[in-house]
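Both of the next two complexes hold subunit A, though its partner changes from subunit B to subunit C.
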Partner chain A sequence: MIQETFKDKLVNFSFVFPAFLIFSIFYIYPFFYIFILSFQEYDLISSPVFVGLQNFREVLFSGTPWWDSMWWNSVRNGVFITFCALTFQNFLAFALALAVDRVVRLNRFYRVVFFLLPVLSEVIIGLLMKQLLAGEPIGRGVLNQIFNNIGLSGFTHNWLGTNSVLFVTALVHCWKGFGWAFIIFLAGLQSIPEQLYEAARIDGASAYQSFSKITIPLLMPVLTLIIVLTMLGTMQTFAMIFALTGGAGGLTEVPVMLIFNHIKSNQAGLACAEGVVLGIMLVFVSFLMFFVSKKIREKYGVLSN
Partner chain B sequence: MSYQTKKFIVSIFLHTFLLSVALSCIFPFLWMVNVSFKTQEQFDTDYGLEVSRTINWESYKTVLIEGQFWRFFLNSVFYTFITVVAIVIISSLAAYGFSRLDFPGKKYIFYTFLAAMMIPLPAGFVPVYVLLNKLGMINRGGYILAMTNMGLSLSIYLLKTFFDQLPRDLEDAARIDGCNKLQIWWNVGLPLVSPALAVVIIFNALTVWNEFVFAALIFTDDKFMPLQVGLMQFSERMVTQHTLIMAALTIAAFPIILLYLKMQKQFVKGLTAGAVVG
Partner chain C sequence: MKFLKLKSLVLLALFVASIPLVFMSLSGCTSKKSKQDKIIIWHWMTDRKDALDSLAEQYFTQTGVRVEFKLFFPPDVYASKVIAAGRAKNLPDIFGILGEKKTFASFIKAGHILNLTPYMTENLGAWQNRFYEPTLAVTTFKEKNNYSVPSGVYGVPVDTTMMQFVYNRDILTKAGLDPEAAPVTFEDFFSQAKKIKEILGIDAFVCGWGETWLLNALATEWAINLMGEEKFQRTINGEVAYTDQAWITVFSLFARLRDSGFLPTNIVTMTNKEAEDAFSKGKAAFSFNGSWSVNVYKQKNPDLNYSFFPIPKVSGIYPAKIWGGAGSSFMVNANTAYKDKAIAFLKWLTSKEQQQFLIRETNNFPSIKECEETLPPILKTLKPNLEVLTHPDVWDKNEDSRVLEVMNRGLQQILLGIKNPQDVAEEIQKVKERISKR
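== the complex of A and B ==
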């Protein structure tokens, strides 16, 4: 290689420069700015005032008792939806992936259909399901009408009413998200070499044995990946729930919805403090999962990613 | 029971399971399209559960013209197009630079981009919004720049790893033939990474088309709203007009569904690309 002059290096850097410039202004600067803003009271019009930890106090300890505040309520809702996504959504996705991996016919059809929902926007899904589920007055709404038509009028319910709205929201979230986990599970299943199963069969392993001794260990990296991404993704959802229930007066409020509402009403400092708290929680969770998954990988002897 | 019958029963069982889930995915959309062709009176009697025999385009007309959806649609197309073009050019330049060219601090700058993909920043839209507000850029320009930034790191990462796998021979040949670095990037680099570019394009187009939070913050004027924000606003105004809302949803969903059916592979790759990185 010919030794490059300073001018050459400058030319080389200019390839990266546009990306670096935009990235600095819209990512690196905001990354630090969010911490500064969280210590200020700023309504976007008058000049910001430094208020110390007041915003954090308001976010974390404003309720009596302290866990009875809007923020902790939204965190609880978020955690509940995340829990449903981790269990119901991912089990469904895994079961579907196993099934599609086994069937010969309609294989492609299932894949196309299951992945349709993750492709569409959260707003579309939220509004569509709202129309299907809306139950005011009780008995209206299409799902209820279907129940009436097939003679199951006992099942009619005000789905988006007080006692079930959080659970229904979580279900809709799972319904939108399972296709994505399904595709990743399926890719993982298909990357397991067929020879392993053949060898196991020759050695006399039962179907259950080859499932628990081959499939599960080899899917561990994929599984931990899906768990981490489900947690990070679900704790940050907002648009689907906003479209479906609009928060339902706190019943389905999630952290990002609070942040959105606060910045919408020009409380930048409070919104940033909430953002910092949620961000720290998520970083903590992903670090934890990173170490757990490393341990699991070591245990199952899967070294590569 | 013979092996054959056992296998048959298992496959019936599997297909029932799969088909019922598939039906739950398809039914709402069939219903949506069906309702959009009905009048409000028809909907009130059958809840859109009977297949409409007559196709009634009235709802579409109302939504597109009075509901201004023609404008929301064009706005969405505009934002998506400009953002994707910007990301393709900026990220492929940067990826080429990171992969092939040398300059001091290269490693560290690349790591910063990587870190941006790893660190969750759930309220990232707040400081960016405040910043745009300070700069007086609460407008299309600001939105497009912010969206461009959102797709940059992943796009650079995807393209850089793709460049890294390519042999340098063609570029050497081009250099010997007298191409400068920019010409090599345009004439040799870009055509070679076109498979990865397709994924980058789909991924970013979908992100911008489906984006809601930022657009809802920035655009308060009907004139500049993209589809997602327009949909939200429209559904709030027309709560009881089910046929109109369904027509609006169909207008928003249909282009994506069509594109998806046409290019599934790229969609799947584009949407799972983020996962592979982590």
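== the complex of A and C ==
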């Protein structure tokens, strides 16, 4: 074994140094700076003033009872949209990926079509859907106009009204987001060796058995990845909802929107505290998900990586 | 091998050395500034871009001094850019500030804004006396103000804005109402709007209440009319609770509007642009908007037949006030090398000819007194408002932004029908008390 000299180490480190420098400036420094600011009152212009845990108290315990606050309301909205994304969005993506995996003809065409929506800007989607649901005629929208014109006036509804605005927002989010889950599912399905299915067929396994004993266990790492990415992505969603409803009096306000509003009103310390709390919540949920997935994979006898 | 290593190290050193250069050029710390031969002005006013560029050309022709207006849009992006530039000490010679007076004060305290008082007051106050008093008050800090800013004038207003009601005269006529008899009281407004909805089936009133500051402006106008400015200020000072009956009455006005059936169903997700669009297309009879809307309506529908009217009064005891003052103002960078040139330009910009040019081109109410004869008829009707203007930026103390956040959210929730005025009042008071304890 060749002994690595100090000079070699220095040379090696020097190659890493530029990347390390950029990473430090744009990732590590902002991360710690946000953490420091969360303990300060800061209007972005004057010098920050240390306020201890005041911002965290404001975020976590300002309601009476404590869960009746803007922050927890936004978290509840975020969790609801995430739940819809985890179930409806991912189920749709999985079903379509399964279908496209089986279809040989036009396979590429479907891939492109389903991946178009995630490529579009969130703001564009939000503004278009706003026109569709609540644009012309004022507050009633193009969709209701269409229903009226084709004699289905019974289906007209105040889509962005009090009772349905959160659900409709979640649906739009799922509609916009299913494409990327579809692509990952499809890649996962196509990575399963065909021989496994052939062997199962020879052994007399039914289609359901092949699906439950081969497809699902082997897709578990992909599923875990999609669940974690869905949770992280949806809990941090903002632009589409901002363009679609603007928060609708708190009915569709999500955590990042609240952070944005506080930054906009120059309450940077409070916004940073909210960012730190959201970050901790997401890291905790992600680790929990990886732990659960590991247990499931062990149960199914799939090798854990 | 050694040569290769040496070569790699040299390349690495060059790369590392280039990083600060990249940062310097990105942040504008190059020699560019020292060679600058023009006054740079940052602004956010898309509607005035051509007019301002044209004025810059005229100024160059007259004086030989180059002025460059740089537009940054949307306003949120502009506001962030100015704050970032302030932190980086990289502000232009002249710039505007968007936001509360607290933000304005922070810029002054950080040494970014020049106190213009000596220039305003020279020659027996020739420059200062040009302006309408309530307009200049927005950029003025009084003696012993709550912001701990040395007293003085810190900004130059280029227009005056006023928030009030507007109505479509043709729609009123169609509904059998007299277009000359604009509503005076809230009850007049309410009954006219209801009648319009019943007869014509259109939404009688639109407003961009998805943008909460518009809700806050109207609530403030009604609150001051109902309880008087003194009691209103005492609420901000914490001496009157938001659970006071007068405040609950103010919040109840929004509940009445909600129950009236003449508001569009999406009013709390509606932006001001959407409301302006709906009103200008004749899809609503009334709106609550600023005086800048004259230009917006003209661009969207030059044939729109409309008039302004003061807020429908909710009480005859106290005078009604109108939310307004300086619409857009320019500040001079305290650290610019072109201080005198910048001030000379702003004096020129706020002189009669240039303000008349801006009125013709942009239909905004001017900041100076001398150009009343140039005002188009619709803007002339706004002149009496100058006597009753008020704005958070001229008050001794402004409400905490967290209290305002809860109030604005609460008003939206009243309009959505998920909270009642009493609950909203209690919520606001709880936040007020929590913040007062600090």
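Before moving on, here are some points about what is shown:
Operating definition for what follows: the second predicted complex is superposed on the first by the 278 of 305 C-alpha atoms of A that agree within 3 Å, B and C clash if a C-alpha of one lies under 4 Å from a C-alpha of the other, contacts with A are read in each partner's own complex, and residues count from 1 in each chain.
FYI, contacts are C-beta pairs under 8 Å (C-beta built on N, C-alpha and C of every residue); 3 or more make two chains touch, one makes a residue touch a chain.
Every value quoted in this text rests on a predicted model; they were computed, and no experiment measured them.
In the superposition on chain A, contact of A:F109 is made with subunit B only, not with subunit C.
When the two complexes are superposed, the chain touching more residues of subunit A, out of subunit B and subunit C, is B.
Look at A:N261: by the touch rule set out above, it reaches subunit C but stays clear of subunit B.
When the two structures are aligned on the shared chain, A:F287 is found in touch with neither subunit B nor subunit C. Contacts of A:F50 after superposition on the shared chain: neither subunit B nor subunit C is touched. In the overlay built on the shared chain, the residue A:G249 is in contact with subunit C alone; subunit B does not reach it. Once the two complexes are overlaid on the shared chain, A:F155 sits clear of subunit B and of subunit C alike. In the superposition on chain A, A:Y29 makes contact with subunit B only, while subunit C stays out of contact range. Shared-chain residue A:F238: touches subunit B; no touch with subunit C.
In the overlay built on the shared chain, the residue A:V11 is in contact with subunit B and with subunit C.
Shared contact residues of subunit A with subunit B and subunit C: 11, 15, 18, 22, 44, 130, 264. Contact residues on subunit A toward subunit B in their complex (touch as defined above): 4, 9-13, 15-16, 18-20, 22-23, 25-31, 33-34, 37, 42, 44, 92, 95-96, 99-100, 102-106, 109-124, 127-132, 142, 145-146, 149, 175, 179-180, 183-184, 187, 225-226, 228-229, 232, 235-236, 238-239, 242-243, 255-256, 259-260, 263-264, 268, 271-272, 274-276, 278-279, 282-283, 286. Subunit A meets subunit C in the complex at residues 11, 14-15, 17-18, 21-22, 43-46, 54, 62, 64, 70, 130, 134, 137-140, 158, 160-162, 165, 244-246, 248-251, 261, 264-267.
Subunit C contributes residues 5, 8-9, 12, 15-16, 19, 76, 79, 83, 86-87, 99-100, 102-103, 106-107, 109-110, 203, 206, 210-211, 264-271, 278, 283-284, 401-402, 405-406, 409, 412-413, 415-418, 430-431, 434, 438 to its touches with subunit A in the complex. Taken in their complex, subunit B has these residues touching subunit A: 10-11, 14-15, 17-18, 21-22, 24-26, 28-29, 31-32, 35, 47-49, 90-91, 93-94, 96-98, 101-104, 106, 109, 112-113, 116, 119-131, 133, 145-146, 148-149, 152-153, 156, 181, 185, 206, 209-210, 212-213, 216-217, 228, 231-232, 235, 242, 245-246, 249, 252-253, 256-257, 260-261, 264, 267-268, 271-272, 274-275, 278.
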